[in-house]
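Shared between the two complexes below is chain A, which pairs with chain B and chain C, respectively.
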Partner chain A sequence: MAPLMNLVRLRGFPILQQLHLEERMLRTSSSNWCIINDGTTSPTVVMGLSGKVPELVEAKSVLRDHIPVIRRFTGGGTVIVDQGTIFVTLICNKDDVSDVQPFPRPIMSWSGQLYDQVFKGLADFHLRENDYVFGDRKFGGNAQSITKHRWVHHTSFLWDYEVKNMSYLKLPAKAPKYRLTRDHTDFVCSMKEYLPRSEFVERTIKAIGAQFSVKSINLESTEIPSSSQFVHTTRLLTEQELLDACTIQT
Partner chain B sequence: MLTRISHRKLWTSARRVLRPSLCRTSSARLPSPLSHSHTFSSSAFALRSTTYAYFDFNFLHWKRHCFSTQPALELPAGKIVDVPLAQTGEGIAECELLKWHVQEGDYIEDFQPLCEVQSDKATIEITSRYKGKVAHVLHVPGDIVKVGETLLKILVDETAFPSATVGDSEITKSLHSDQVLVNESASAIAALGNSNNAELLDSDLEKRKRAAVLSTPAVRSLAKQHGIDINEVCGTGKDGRVLKEDVLNFAAKKGIIVSVSAVLDADNVEKPRGAEGYTVTPEYKSPSEDRILPLRGYQRAMVKSMSLAAKVPHFHYVDEINCNALVELKTAFQKNNPYPDVKHTFLPILVKSLSMALTKYPALNSCFKEDSMEVILKGSHNIGVAMATPNGLVVPNIKNVQSLSILEITKELARLQQLASENKLTSEDISGGTITLSNIGAIGGKFGSPLLNLPEVSIIAIGRIQKIPQFDGNGNVYPVSLMTVNVGADHRVLDGATVSRFCNEWKQLIENPELLMLHLK
Partner chain C sequence: MACRQFWASRAASYLRVSLFNRTFSAVIKDLKYCDSHEWVKVDGKSATIGITDHAQDHLGDVVYVELPEVGKGVTQGESFGAVESVKATSDINSPVSGKVVEVNEELNSSPGLVNSSPYKDGWIIKVEVSDSGELNNLMDSEQYSKFCEEEDSKH
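Entry: the complex of A and B
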């Protein structure tokens, strides 16, 4: 009997709220959850938990253009997300995925195998270091958080992206080896050249369905962990923090 | 909140070694523990034997990982145990400590979350194996902790008064960027080694605990150099952090040093951590100390490519080229230069004439496939030019030189040089080369014996053009601008005769550049 996976399908859901929901699901629920958010709202910068604004973000531009900057509860790098980003999050009890050791690398590999199924026959998909690539170009970035009995592995997929939005981000000091000296436009690619959004979502749900018994849950359902009393780690950075970063950067 | 230490008995356990009193944790010059494996409080954390030491210290899972003993459960009450950062997965050598869920003095249950660390893309919660009281927290958020390093010390079962002294307390910190802060009170535990001074130490520790000072290892080292107790220095940095200037000002006030500004000026300026491909400048401690340089980016790539090149049987062919005509030509280009932002050098002319010679001797513009025993004669002349950048050696290439004019080559070369110096070369720029030119003469030297840039089969190193006297046919001395070249070739596919003929052809084109006009299309 395959373990149960609660599926929450969203579209255009604000990323801050999504991250809050994910964190509550990780820490207060004991069910398996899959969230698929087909595009968020306006462009938002999302940094990893230990991300430092002056190192990762062009603070001046971000302030000028009123781009929100979020620090999320999982590790990893910085992304700028918008309507062209598709999010897929998997929150699992380690015992329900018992053949996967609850450590970063095994979870990453397991996810790579899942998406192998999603893109089979459509594209030259690989898990390369910690990224999802077509050939040697990144189209999906990953982050995780591992607790005592559960873990979350979430991905932001570039279905499409605006080159000008990338200018809000600084070139990261830490980059994967396979990147070599490529700049952003040579390093990333978009999924839209390979398959339509809806097909990606359907294929993903199907791949998950091969390992779990998928049950669709509405956002309004009582099964969704409530936010009262919960102190979220993910937060929106204040204007002052961005101004401080500006000062450091000049 | 520290338990009083009995100084009646010295306790030695099989897994602990008493250490001499230590006052500092930050300096790498500390004597290393007598036996580092003893720092691990139990062989449950003997990482060498397993790939995965389970994070969730759930006893039931230990059996899977072949731990031979479970000593932690058998510890007599009142022991302080070291809790190290356990392995989080293959190839992960260190993690960043993000936050503590507990603080010193807290009572914790087994399996209670202790802290959160980050390794690469994952944040990981660490739970406690023990039930007891947090005795000492040894790192602050932001610290990079190596796998195996002690994270904190737990006094297991505080109900009984311990008859033992504390065990190993060495915290071997690795050298890392000076952004890391060390909490002074953590080092206090080191002083507990000598039980004879237990009472004294106890109060000393209390004092240290109260005076917990934040500062970087470099600043602590500086204070030590001047014989200053860093706890006495008033910190003016963020959160009361003691900065270098604070130590120097304190020293000046004490009359230890004469001029603060002189000391500050004399120090090296720390280079900032650059983008990918930059070498990390290690912390500068003193001239006679070893420095560890991790190889990244271009330097790392060089290790790989040169190791491969060394496997190829090279031969080197050396010749001298009279560059009088070349010098004249370059001067002529400069004089009649309609493009003020274009700077004419020798290299583009050499590159173009090289391409002309390759047309006649395509074997030198090829690549060898060992598995299929095939030589591919490349149609394009993508001539690579070795460049020394602040980040290391890189070889971008000029594509299709056979179709480019000398002016176009000059501009393309300038473009690549600019990108190389800014570390902005694309993979397109550095791949697809068919032959390489190394102008080592630009820096100095007569000639070098270059190593092939695989999968190419030849490489040419050109030395500095030197003015030397030569005899003409009548025995008269005249000055000649001479350039020595060394052609390195893959002897599996090229023989001396071919290379020699090719070199003669190229030499002729350089010594008689008017011949280039003959081939103008």
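Entry: the complex of A and C
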């Protein structure tokens, strides 16, 4: 019998709250969870756990334009997310995906196979290094967190994006080889060229349904402890931290 | 290939290191191991902890180590820190219970030591052990080698 996957569908949910929810689900729940958040609220920069603001973010611009900067609990790089971003998160017990070793590369490969099914017949989809690409253009960025018995794999999908928002991000020192020397606009692409938003979500749920028994749950019914009872790793950076980064950058 | 394996076995024997054929991950004979792939070297009440060669090989290049504060309590089987590699943060779990007395500050500037020297320069924390009896819950090097082979063969 296929293991149960609880599906929580959100729309316009703030990304900080989503990441906090994911951390609590990873650490306090023993169920499998899929969160699909169709667009977040206003533009937000989200860095990985070890991200350093002076290296990754145009600090002066984010301060000037009041763009929040978050450091999340998973690894990986820096993204700017907004209403055009679709988030898909999978939180699994390792024993419910027992043919996947609970290490970064096997989990990444498993996710690539899942999304192969989502985009089958629609686009030239690949998992390339650790990104989801159409051809050689990135449309989805991935990150993970792995605990003793569970792991989370989450993706921010560029259904659409604003070119001007990319200017809040610096060109990272460490980039995938396939990027070559391309700047943001030549490196990324948007999913809207390929399929409607709703079709992407439905195809994703169907692909997950091939491996799990999917049950839709309202956020209010999740029985996950409230924020106040949990110390999160994910946090919003303070104005002082951004000012300190400005000083380093000038 | 046979010649390489012969010399690898000779070197392993000299260094008191075990190799298992499939992956050539090293296992040190005098250490204890847990099933989440951490090792512990116990010397009286003092323990040094790190992650195994099998773990570092499967994690990929470590780019960051989140270290605990000195003085923090650790519990056998529970997380005390994390490593970041590829796009993942992975918990590091303590093989013993006790109190952190030292952390390897070198890992702040050289996280890759966890990959290049997992049993020596890549040590992560030192702990004052509170319950030596808990060591009976851990695997010795032979049991750990077998555990790793079984895990890898399932996938």
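Quick note on the criterion: the second predicted complex is superposed on the first by the 246 of 250 C-alpha atoms of A that agree within 3 Å, B and C clash if a C-alpha of one lies under 4 Å from a C-alpha of the other, contacts with A are read in each partner's own complex, and residues count from 1 in each chain.
Here is the rule we use: a contact is a pair of C-beta atoms (placed from the backbone, for glycine too) under 8 Å apart; a residue touches a chain by one contact, two chains touch by 3 or more.
Note that the structure is predicted; figures quoted are calculated from it, not measured.
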Exercise for the section: Check the residue A:D99 against both partner chains and state whether it touches chain B (first), chain C (second), both, or neither. Expected result: second
Problem - If touched residues of chain A are counted for chain B and for chain C, the larger one - result: B
Exercise for the section: For A:S50, select first, second, both or neither according to whether it touches chain B, chain C, the two together, or no partner. Expected result: both
Practice task
Please indicate which partner A:L171 is in contact with in the superposed arrangement: first for chain B, second for chain C, both, or neither.
Solution key: first
Problem - Contacts of A:R179 with chain B and chain C, given as first, second, both or neither - result: first
Practice task
Considering only the touch criterion stated at the top, classify A:T85 as touching first (chain B), second (chain C), both, or neither.
Solution key: neither
Practice task
Identify the partner contact of A:Q144: answer first if only chain B is touched, second if only chain C is, both if each is, neither if none is.
Solution key: both
Exercise for the section: Under the contact definition given at the top, report the residues of chain A touching chain B in one complex and chain C in the other. Expected result: 48-50, 73-77, 101, 103-108, 130, 142-148
Exercise for the section: Show which residues of chain A lie in contact with chain C when the two form their complex. Expected result: 48-50, 73-77, 98-101, 103-108, 130, 142-148
Exercise for the section: Within their complex, state which residues of chain A touch chain B. Expected result: 48-50, 73-77, 101-108, 130, 142-149, 171-175, 179-183, 186
Practice task
Write out the stretch or stretches of chain B touching chain A in their complex.
Solution key: 52, 55-56, 88-92, 96, 98, 111, 113, 118-125, 127, 142, 273-277, 297, 423-428, 430
Completion exercise
In their shared complex, chain A is touched by residues of chain C numbered 36, 58-60, 63-64, 66, 77, 79, 82, 84-91, 93, 151-152, 154-155
